[in-house]
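Two complexes are shown next, each including chain A; its partner changes from chain B in the first to chain C in the second.
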Partner chain A sequence: MRVLGLIYAPGFLSNGPVHTALLVGGGAAVVCAVVGVFTVMRGQAFAGHALADVSSAGGSASFLLGLNPLVGFLGMAALAAGAMEWADVRDARERDLLTGVMLGAGLGLTALFLYFASVTGSATGAAITVLFGSMFTIPASIVPAALAVAGVALAVIAAIYRPLLVSAVSEDLAQAQGTRVRRIGLAHGWALALAVSLSAMTVGAILSTALLIGPAAAGLRLADRPGRSLALAVLIGLLATWGGILLAYDSYDWTPGHGWPVSFFIVVLVFIAYLLAALLARVRARGVSLRAVHPSGCGQD
Partner chain B sequence: MFGSFMTNAWIVATMVAITAGIVGFFVVVRRAAFAAHVLPLGAFPGAAAASLLGVNELLGIVAFSALGVLGISQLQRWERREVATALWLAVALALGTLFLNMTRRYSQGVYALLFGEVFGIRSALIAPVAVLGAIAIAVTLLLFRPLLLDSLSPELGEAAGTGRGWIEFAFLAVLALCTATALPVVGALMVFSLMVGPASAARFLTDRPLLALTLSVVLSLATVWSAIALSYLSNWPVGFFVGALGGVFYAAGRLRHRGGPAPAR
Partner chain C sequence: MTHSAALSVEGLSISLAGRQILKDVEFEVAPGEFCALIGANGSGKTTLLKAIVGLVKPDSGRIKVDADGSGGTSVGYVPQKISLDPHIPLRARDVVMLGLDGARLGLPLPSRARDARVEEMLQAVGAGDFAERRVGHLSGGQQQRILVAHALVRRPRLLLLDEPLANLDVRSVAEIVALLRRLSLQYRTAILLSAHDMNPLLPVMDRIVYLASRCAVSGKADEVVRTEVLSRLYGYHVDVVRVHGRVVVIAAHEPEEIRAALARDPVHTAEIP
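Showing the complex of A and B:
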């Protein structure tokens, strides 16, 4: 019983904030893992990260105005995703710069809103909350809305699953099959915005990239078939998130007085999972065939 | 605005702008905006670690910039470039959260590290910033030809005998140097805007590399100087003006370029 108590502190499941964290964090982890697999396959990790950072401008604005944080994060991310598609960047290389410039402008706005918030004195520590997340202080009233957002994002991905997969592998092939590639890209952009704003609210804007890219990269490393990669990514994301919440809750007992940050544990667990996956993939590749494809060979862009 | 307490701000910001303008040219040519975003942001935990250990802040920033270069290079051997960059970002920031949590720094300190604090610059910072900036510029100019060749045509670069992995590593190292120069002044998030905004706008104005490099420095100086002046007058954070001006320059460049052929670089 004592051993169990070490990994599972008493009162974990009867704690209200923990409930909320488990629900919203779990939802964010699942959506991020699913959307993340396609984001990694499409080579849009930077866009995913930029959307999260830009959404923090909305988060800080909602702090300033006293709005529901979900509205702020979501509104800004949706706006940015729309703008990225609207700019009609045909050249994939130009996309990188446009994303960068938008990211810079968005972060500038975040700085401005946080400054206003500190001047009006309406929110001390808003910078920390917006950028690094506040899993245990999410209001319980947000849970239904957050889970609804997660559901919508998953529904969007499910609706366009096949064409999205084909266009992620080869845009030309998708076009030949009669897919409207631009429309699929836009739909994926919106799903990405939903996923990212949800995780920006829970693990914080600048750490949400871990949930989006980490489990997806690990899942893609472990399995060759997209369905399996998806399932593995979801599993890794969920386990890391829930494990991180548990460890953070336990950490109140390690250092009396204050706990360790949840985001830290989640990211560490995600990264450990990724390293194990990369290691396993290397060992397996060596065992299966001598002409093992070197993974970095496909990434010279 | 030009009083004695502002002298340090003008001097240091000018040095930062020149460095960022030059390094930014290659960020744009190599389409390395993500790395340019991640290295400064990933170096910011170094400042938190330094205050935890009671050592010089700049030392922590340099150490974490170096770690970032090694981390990204190592991850790139397994993963495509942007995924490796994202993974490093996650790890560095997780450490940052932990350090911040341990030091319990005031959020104002975090805010300054992320978004910059131009008006409180100590004179002691001028010398190290000048040295680091000079090294970054010197290395960039020394590598000018191989970097440009590798960025524009990897095959030609390889034929000329420069290894791709080596060039990428050298480039990341220059980025890290620029980061260490600029981070204490304009903050982790604004270093990035300063590298990407002016340089990507300059590219719309000319096709000649050297002219684009010069324009990038000029626009970067214009951005920093007007950001400081506007920030002084309005009391708004300097980071907002840097980010906004970057966006304005880029949009103006795009509009001017509309209809013409897409920029080669």
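Showing the complex of A and C:
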């Protein structure tokens, strides 16, 4: 117990808000890691970020209207994901532009709703909560719904796992196998919307991309098989999220009176994990290329 | 014979975005036959192959592919210049496995029968040595082998390959051609392979389908690749020249076309003495 006391401040595990944060944050981390691996493979990281920003409009609207924030985040994200897949822009540049414009529109709405919320005074601190998250203020009543959303997103990805992989390699290959690639794209888009709204609720809309992309990118660099990439991404996401919650809890002792934001710690941990993974992958690649430069059976031996 | 052909194409016409690409194309490929689909860039080779796979809808005509009885697709397809992304965490082995069950929903369960089939296919295309490597890190020739294995692992009666020899070095071209010939005999798979240069394929092809001016002629290579046959197909005089066992079709009248284009453009005509 003494050793553990060095790691976390007393009362960590018996604290209600901490419990909720660990559950909802853990769920968000798992779902973001799993969905994120495919989002990164499909080259849609930017779309993931835009979805989060658009979902923040829903989140802030629900603050204004006194709704469950999950409903707001989720509704807007699902709408935006549907719209993006429906527009079906194939040209990468054109898609980037569309995504950027949507992102701007989403944040514009967020600004409007947050302004009204602050003027009417119905929700203090709404701006910080929506944009940067505040895990310790998540109501415990939200846990079942959040975990259900996480479960649905994971189920969607499990269902379309193989067609998703083939269409990440080549849409032509997938289509030749009889896969309807647009439906797969739409299903992925909705899973992405679910993941992003969960993560927007926990680390905030602006920072949610870190949880979506960081662990996934690290997992993709480290493992050569999809299953292992997914497992690593989940592990990194969970460690960063729970580590971040722990550090934030501990930080109440560092600066008495107020702790540091959880989102900050999570994002920093994700960033460190990504750096380490990139470094490791580079060292490994160098090992491979050294072997390739001196192959056996090439003249002198 | 029609009922037993691996592929029969009848009166096929296709237009894309209002432009006619193929007009009344007819030909047949017999089971186990190695058929080369030859034509210049933009002659409609890719469109024809895509129509056979079902990726492009024809305006009219019929495409009949001999079913293999197992249900599902009986056509294997290797699309044109796929660049396998090095960021995708798939080993060569995984890509072949996805050829078997890539369209299925749900998570894959371990299966010895499946693994054995994948392993056999990897050996058949000579990919045993790099089966465990990330597919995006393989050379062009190695990737081509993996894509062939991906397309063949379901044992289709017909294998379509879109420009598989483009961007390969001379040695890889020879190896892939020899490999495809061997596979078509081994599995009795008919092959329809598109290329803009017929020369590497002359030693192995049983039949040629030659596309030009939106139309096609097909038959044995020495029946089709002749000055009078191709001139009729192109609609103007072309020369078929044989040099050291190679065939060159001189079809373009580029110098005339460029002179005509220059003459239409007053700015440039002024500068030409």
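Rule of thumb we're sticking to: the second predicted complex is superposed on the first by the 285 of 301 C-alpha atoms of A that agree within 3 Å, B and C clash if a C-alpha of one lies under 4 Å from a C-alpha of the other, contacts with A are read in each partner's own complex, and residues count from 1 in each chain.
One rule holds in what follows: contacts are C-beta pairs under 8 Å (C-beta built on N, C-alpha and C of every residue); 3 or more make two chains touch, one makes a residue touch a chain.
Note that the coordinates shown come from a computational prediction; the quantities given were computed from them, not determined experimentally.
Participant: Overlaying the two complexes on chain A, which is it for chain B and chain C: clash or fit?
Facilitator: fit
Participant: For A:Val40, select first, second, both or neither according to whether it touches chain B, chain C, the two together, or no partner.
Facilitator: both
Participant: Does the superposition put A:Thr99 against chain B (first), chain C (second), both, or neither?
Facilitator: A:Thr99: touches chain B, not chain C.
Participant: In the superposed arrangement, which partner chain does A:Gly151 touch: chain B (first), chain C (second), both, or neither?
Facilitator: neither
Participant: According to the stated criteria, A:Pro163 is in contact with first (chain B), second (chain C), both, or neither; which is it?
Facilitator: second
Participant: More residues of chain A are touched by which chain, chain B or chain C?
Facilitator: Here the partner covering more residues of chain A is B.
Participant: Could you say whether A:Pro139 touches chain B, chain C, both of them, or neither, answering first, second, both or neither?
Facilitator: Once the two structures are laid over each other on A, A:Pro139 reaches no partner at all.
Participant: Using only CA atoms and the superposition described at the top, report the least gap between chain B and chain C in Å.
Facilitator: Chain B and chain C, overlaid via chain A, are at closest 9 Å apart by C-alpha.
Participant: Does any part of chain A touch chain B in one structure and chain C in the other, and if so which residues?
Facilitator: 40
Participant: How about chain B: which of its residues touch chain A in the complex?
Facilitator: 28, 31, 33-34, 36-37, 41, 76-83, 85-87, 89-91, 93-95, 97-98, 100-101, 107-108, 110-111, 114-115, 154, 164, 189-190, 192-193, 196-197, 200, 236-237, 239-244, 246-247, 250, 262
Participant: Touching residues of chain A toward chain C in the complex: what are they?
Facilitator: Within the complex, chain A touches chain C at residues 40-41, 158-163, 165-166, 168-170, 172-179, 219-220, 223-226, 228-229.
Participant: Could you please specify the touching residues of chain C with respect to chain A in the complex?
Facilitator: Where chain C meets chain A, its residues are 53-55, 72-73, 75, 77, 79, 82, 84-85, 87-91, 94-95, 98-99, 101-108, 132-134, 150.
Participant: Please name which positions on chain A make contact with chain B in the complex.
Facilitator: Counting only chain A, the residues touching chain B are 40, 43-46, 48-49, 91, 93-94, 96-112, 114-115, 118, 124-128, 131-132, 204, 206-207, 209-210, 212-214, 217, 258, 260-261, 263-264, 267-268, 270-271, 274, 278, 282, 295-296, 298-301.
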